[in-house]
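Naming follows writing order (A, B and C), and every chain is counted from residue 1.
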Amino acid sequence: MTMKVLVPVKRVVDYNVKVRVAADGSGVETQGVKMSMNPFDEIAVEEAVRLREKGAAKEVVVVTVGAQAAQDVLRTAMAMGADRAILVRTDDTLEPRAVANVLKAIATREEAGLICMGKQAIDDDMNATGQILAAKLGWPQGTFASAVTVADGRIEVAREIDGGTEVVSLTLPAVVTADLRLNEPRYASLPNIMKARKKPLETVEIDSLGVDTASRLTVVSVAEPAERKEGVKVNSAAELVEKLKTEAKVI
Amino acid sequence: MTALVLVEVENGAVRQASRSAVAAASRFGAVDAIVFGDGAQAAAALPGVTRVLSVPGLVNDLAEPAADLLAARAKDYSHIVAAASATGKNILPRLAGLLDVQPIPDVVEIKDVDTFVRPIYAGNALATVRSADSIKVLTVRGSNFDPVAAEGGSATVETIEAPASEKSVFVKVELSASDRPELESARVVISGGKGLKDAANFKLLEPIADKLNAAIGASRAAVDSGFAPNEMQVGQTGKIVAPELYIAVGLSGAIQHLAGMKDSRVIVAINTDPEAPIFKVADYGIVGDLFEVLPTLEKAL
Amino acid sequence: MTQIEREEMEFDVVVVGGGPAGLSAAIRLKQLMPDAGVCLIEKGSEIGAHIVSGAVIEPRTLDELLPNWRDLDAPLRTQVTEERMLFLTETRSFAVPYLDRVMPQMANHGNYVVSLGEVCRWLGEQAEALGVEIYPGFSGAELFIENDHVAGVITGDMGIERNGEHGPNFTPGMILRAKQTILTEGARGSLTGHAMKRFGLRKGVEPQTYGLGIKEVWEIPAEKHRPGLVQHSFGWPLDDNTYGGAWLYHFGENLVSFGFVTGLDYANTYLSPFEEMQRTKLHPAFREHFEGGKRLIYGARALSEGGFQSIPRLIFPGGVLAGDSAGFLNVPKIKGTHTAMKSGMIAAEAVAEALEKDKKEAASMTARVQQSWLWSELRDVRNIRPAFAKWGMKLGALYSGIDSMILRGRAPWTLHHPHADNETLRPASVCTKIDYPKPDGKITFDRVSSVFLSSTNHEENQPVHLKLRNETVWQTVNHDVFDSPESRYCPAGVYEQEQTGENAWQLRINAQNCVHCKTCDIKDPTQNIDWCTPEGGGGPNYPVGM
C-alpha cells in the first residue's frame, strides 16, 4: 500500500479546563489556560497510525492550522506515531470553511489518499470541517466513525447514527471523521516524545497557500448560559404526574 | 424568503426534532420540506409547510447524493435547515461545503434572519453569531424550539429523481439491540444515585423507565458502587444528556453530575434531603423517601 | 515480580519536579554548562498545573538568576502597595501596629503578588529557551539505584488497569539515567522520602512539620479591586493552640488570592481545615472582599514548616535535594519561593562542580548553602514557629515580636519540634466537636463544588493511588479512636466513612478527587495511608491565576 493518510489536528482548550466567559462578552478566556490536542483528533491520529501498522497505509502526516504554539499538538501526534508534521501558521482563528480551504490545499499538495480527522473540535463544537472538506475535494465522507476497514481500494466505515450503527462503503480517496468509540488512543510515551523531537516539522505560512480564509460569521457576543431557576416542590407522585402532563407537557 | 427544511421521517412519522426544525424555519418565512425516502405524506401534513420535495429514491440518507441534490435546489432558498441530528450533521455541513458557505450548527435561538445563538465549549458558553452568507445553512437543537403539530397542514408534493451515488454505497444498518432508547438521544432519562443503596434496588427504576420509554442513567457514585455499568454514568466524565424530561432519583446533584444533565428541559428530583443541591436545578421536586415515592409514581403514570 | 523491559535515555542531570526550585536549578545549570544534557520531569500535565502558593514573592533570587527578568515579560506585575496583619476575634479585628518592627518578616515592601503557577510557566519557557528538555505529564516513580548510588530516576508506568494488570495501552516507565539527580518535588516529595530513608538523610535532625494551605482565587468587581493589597490574619476562627491564619491578596486583573494555612500539628480531631478556611471568609474583615465576586479556582497543598531545625542532609550519592523537598521555607514569612529558587541555584552550582570534577557526590552543596544568605535568613527565624506550637498563638506572637525586635533572631537558644504532625491528634473522646456553618453557595462552599474548580482528573482505569496499608487499623484507630479525621482534613473530600452494618464501618476512598496536597500522607495517625504517585498528568490542573 502506498496510501498517505493526512490527519488534521487542532489545539484546543484542554477538556478538563472549565472555561470562563470573558467579562466583556467578547469570547472565552483562553489566556494562559491549558491547551491540548482535541480529543477526537487523538483518536484520528491513533486510527491512522494503526492503519500504517497494519500495512494499509504508508505514511501518516499530521497538519494543524494555527499559531506557532500549536506545534505542541503536532509533536504529541508524532510521539503517538505520526511520521511528520506540517504547521500552517496563522495568528487568526479560522472558521471550518476556511480551515477546509487550507486543508484542501495541503491534501492536494501531499496527494493524500485518506483524510482521517476528528468529528468535532471541543471548543467550537462545530462538527463541520470534515464534511466541508470532503465536499470541496469532491470526496465521499464517512462521518462519526466507530470502525474502519480498508480493502480493495475502498474503505468501509461503521457510523454512529441516532439509533445505532450504519455501515457505508466509500471509494478512496475519502474523508473519515472519528467518533469516541473508534479506538482508545495510545499514550505518547516518554521515549516516543523524546524521539518525536527529531521528526520533521515543516512550517508553511498560510498566505503562501493563496486560499480564501475570510470569516463569514461575526461573533456578536459570547455569554454564559442562564442559570436554572429553582422550581417548586410537589407533595405526591400523583401531583407530579399531573404537573408533568398539564404544566410541563413532557409526558 | 423561503426556508427549506430537511425533514426526517421514521416509521411513517416525522421525528419530533424535525418538527422543531420546521417551527424554527417558519421564523424566516415560508417553509418547504425535503424528505429522503418514503414519508412525503407525513411531511405534507405538517402545519406551515407549503411544498414537499419528495426523493423516494434516496433511501439511506447518504450524504453525498443528498448534499448534491440540496445544492442544486439551494438557490431558491434563503435558509436551509435541519435538526441537529446525526443525519442533519452529516448532510448539512457537506452542503455548506458545496455552496462555499459557513454552516451554523446547533442553533438554540434565532435572533433574526442572520443572527443565531449557539452553544460552544460543551454548552459552557453561548455565542451569538451573525452570518454574512447569502444562503444560511443551519442545524437547530430540537429541545429549544417547540415542535409544530404532526397534523393539520396540507402541502403539495413534488417528486424528484435521486441522483446516483457511486462514491458512497450503503452497506447495512444495525439498530440498538436494547429496547430502551440510548441515553444521549432518549426523550426521557431516569437516573439513580447512591440513595438507591444497592444494585438490586437500582432495578426499581426499570418499571418507570418502561412506562415512559426512558433511558436509564446513573451518578458516578452509583456506578462506582457497582449499581450500574460504566456506560450509564451521566456527568462531566460520563455522558452529556439533554432530554425533555430528566428524573433524578436519590442522587444529590453534585456539580459534576449537573454538568451532564443541566440542559434537560424539565428536571424532576426525588430526594430525602430538602437541602440536596439537585433541588436547586429541579423544576419539580419531591422531598421524600424514594422507596415510597417510586412505587406510587409507577402507579400514577 | 516480573522484570519489565525499560527503555533508557541518558542525561547529565535529571531534575524531578518543575516548581521554582527545579526550574531555577535547571536554568542555572544551563547557564553554567550550556552543553550539559538537562532533563526536567513534572507530574502535572503542564508546568504550573500542580503549583499552589499565595503568593507574595521576594524578587531577590530572581535578580540573581535572571537579572534582566524585567525585560523578559516576567509575570511579576503587581507590587505590594498596602499591607496589614490582623488579629481576629469572632466579630472584630485589630491591626498589629508597627508591623515592620514587630513582625519584620511580614513586611512586604518591594515584593510582588503573583500567580506562582504563572511564574513557573514563565520560568519553564526560560529554561526551554536555554535548552532544558522539559517533560510535563511524567512523574518520577522510583529512584534508579545502581551500586548503591542514585543513577537517575524511573518514570511511572502508564496504562496499568484498576486491577493491576497491564491494559492494552500499557507503557512501562522509562529509565532516565543521570550523573546527578536533583530532587525538587516540593513539600513531602515521594522520591525525596525514598532518598531520605535509603541514605539516612534525616539522621540527627528534627522531624519535618507541615502546614496545609487551602486556596481560592476570586474575580471581584473592578471597583472593589485594590491591586497590591496584602492582608494577613491570625486568631479567630482557630483556637489559641492551633497555628494558622489567613491571607488575602489583590492582584492581576480584578483577581483576589485568598487562603488559609492550618498547622498540621493541630490536636482537635474534629478540626476541619477546609471549613476553617470557608468560615474565615464570613468574618467582616474578609467578607466585603468577596461580595459580588465569583470564585474561579480552588486548590490545596502542604508546605514545610519545620524550618532550619528540620533541614536534612542535602547530599546523597548521585544527587541533591533542594527547595521545599529539603524544607527551605521561611515560615514566619510564609515564603518559600525565593528560598526554593536560591537552593535550586546552589544545587546547580554544586552539581556543576561535581560534573566538572567527575565526582559522584555534589559535596560542596552544604558548604555553599551555609555560606549563602539563605542559611542566615532561615537561622534567624528558627524559633518563631516552634514558639507558637509551645505557647499558643497569642504568646507565640509576643515571643515572635521579642525574638525579632530585641533578639533579632540571635537568641542563644533553639526551640524544638517535639513531635511529628501525625503524633499530635487527640482521641475523639476528649475533643470538642466544632459546629461549622453550612455553605451558603455564594461566599462559602462545600468540598465537592470546590474540587470541581481544581479541574482535578485522574485516568479512571488505573490502580487506586491511595491505599490503606491495613484496613483493620483504620477501623480500630482512625474510626474508633479519632472518628475518621481524614474525612475532615482532606480538602478534596477523598475520604468518607461509610457504615456497612451495625458497628461496622469502612473507609471509602474517592482517589479520583485527590488534589495531591499530601496532607493524608503527613497527618494519618499511624501513617497507614500509602500515597503512591499516580499516573503522570493526573491530579489537579490549576490554570494561570493559581
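Assume contacts are C-beta pairs under 8 Å (C-beta built on N, C-alpha and C of every residue); 3 or more make two chains touch, one makes a residue touch a chain.
To keep track of the chains, here are their UniProt names: A = Electron transfer flavoprotein subunit beta; B = Electron transfer flavoprotein subunit alpha; C = Electron transfer flavoprotein-ubiquinone oxidoreductase.
Everything quoted here is computed from the prediction, not taken from an experiment.
What's the contact topology between the chains, one of line, ring, star, complete, other?
Complete.
Work out the mean Cα position per chain and let me know which chain is farthest from chain C.
Farthest by centroid: B.
Tell me, please, which two chains come out on top when C-beta pairs in contact are counted per chain pair.
Maximum number of inter-chain contact pairs occurs for A-B.
Could you tell me the distance, in whole angstrom, between the mean C-alpha positions of chain B and chain C?
Between these chains, centre-to-centre, one finds 47 Å.
With chain centres defined as C-alpha means, what is the inter-centre distance between chain A and chain B in Å?
Each chain's C-alpha centroid was found; their separation is 22 Å.
In angstrom, rounded to a whole number, how far apart do the mean CA points of chain A and chain C lie?
Roughly 38 Å separates the two chain centres.
Of all the residues in chain C, which ones touch at least 2 other chains?
452, 457 - these are the residues of chain C that touch more than one other chain.
Scan chain A for residues touching two or more other chains and write them down.
Where chain A meets two or more other chains at a single residue, that happens at 18.
Please output the residues of chain A touching chain C within their complex, sorted ascending.
Touch list, chain A to chain C: 14, 16-18, 20, 23, 31-34, 184, 186-187, 189-191, 193-194, 197.
Which bits of chain C are touching chain B when the two form their complex?
Result: residues 438, 448-449, 452, 457, 460, 510 of chain C touch chain B.
Which stretch or stretches of chain C touch chain A in the complex?
7, 9, 45-46, 49, 118, 121, 133, 135, 138, 155, 158-159, 168-169, 171, 173-174, 219, 254, 296, 452-453, 455, 457, 541, 543-545
Report the residues of chain A in contact with chain B in the complex, numbered from low to high.
13, 18-19, 21, 28, 95-97, 100, 122-136, 139-141, 143-144, 156, 159-171, 174, 215-225, 228, 230-238, 240-241, 243-244, 248, 250-251
In the complex, go through chain B and note every residue touching chain A.
Interface residues on chain B, with respect to chain A: 60, 62-64, 67, 85-87, 89-98, 100-106, 115, 119-133, 166-176, 182, 185, 188, 212, 244-245, 262-263, 265-268, 274, 279-287, 293, 296-297, 299-301.
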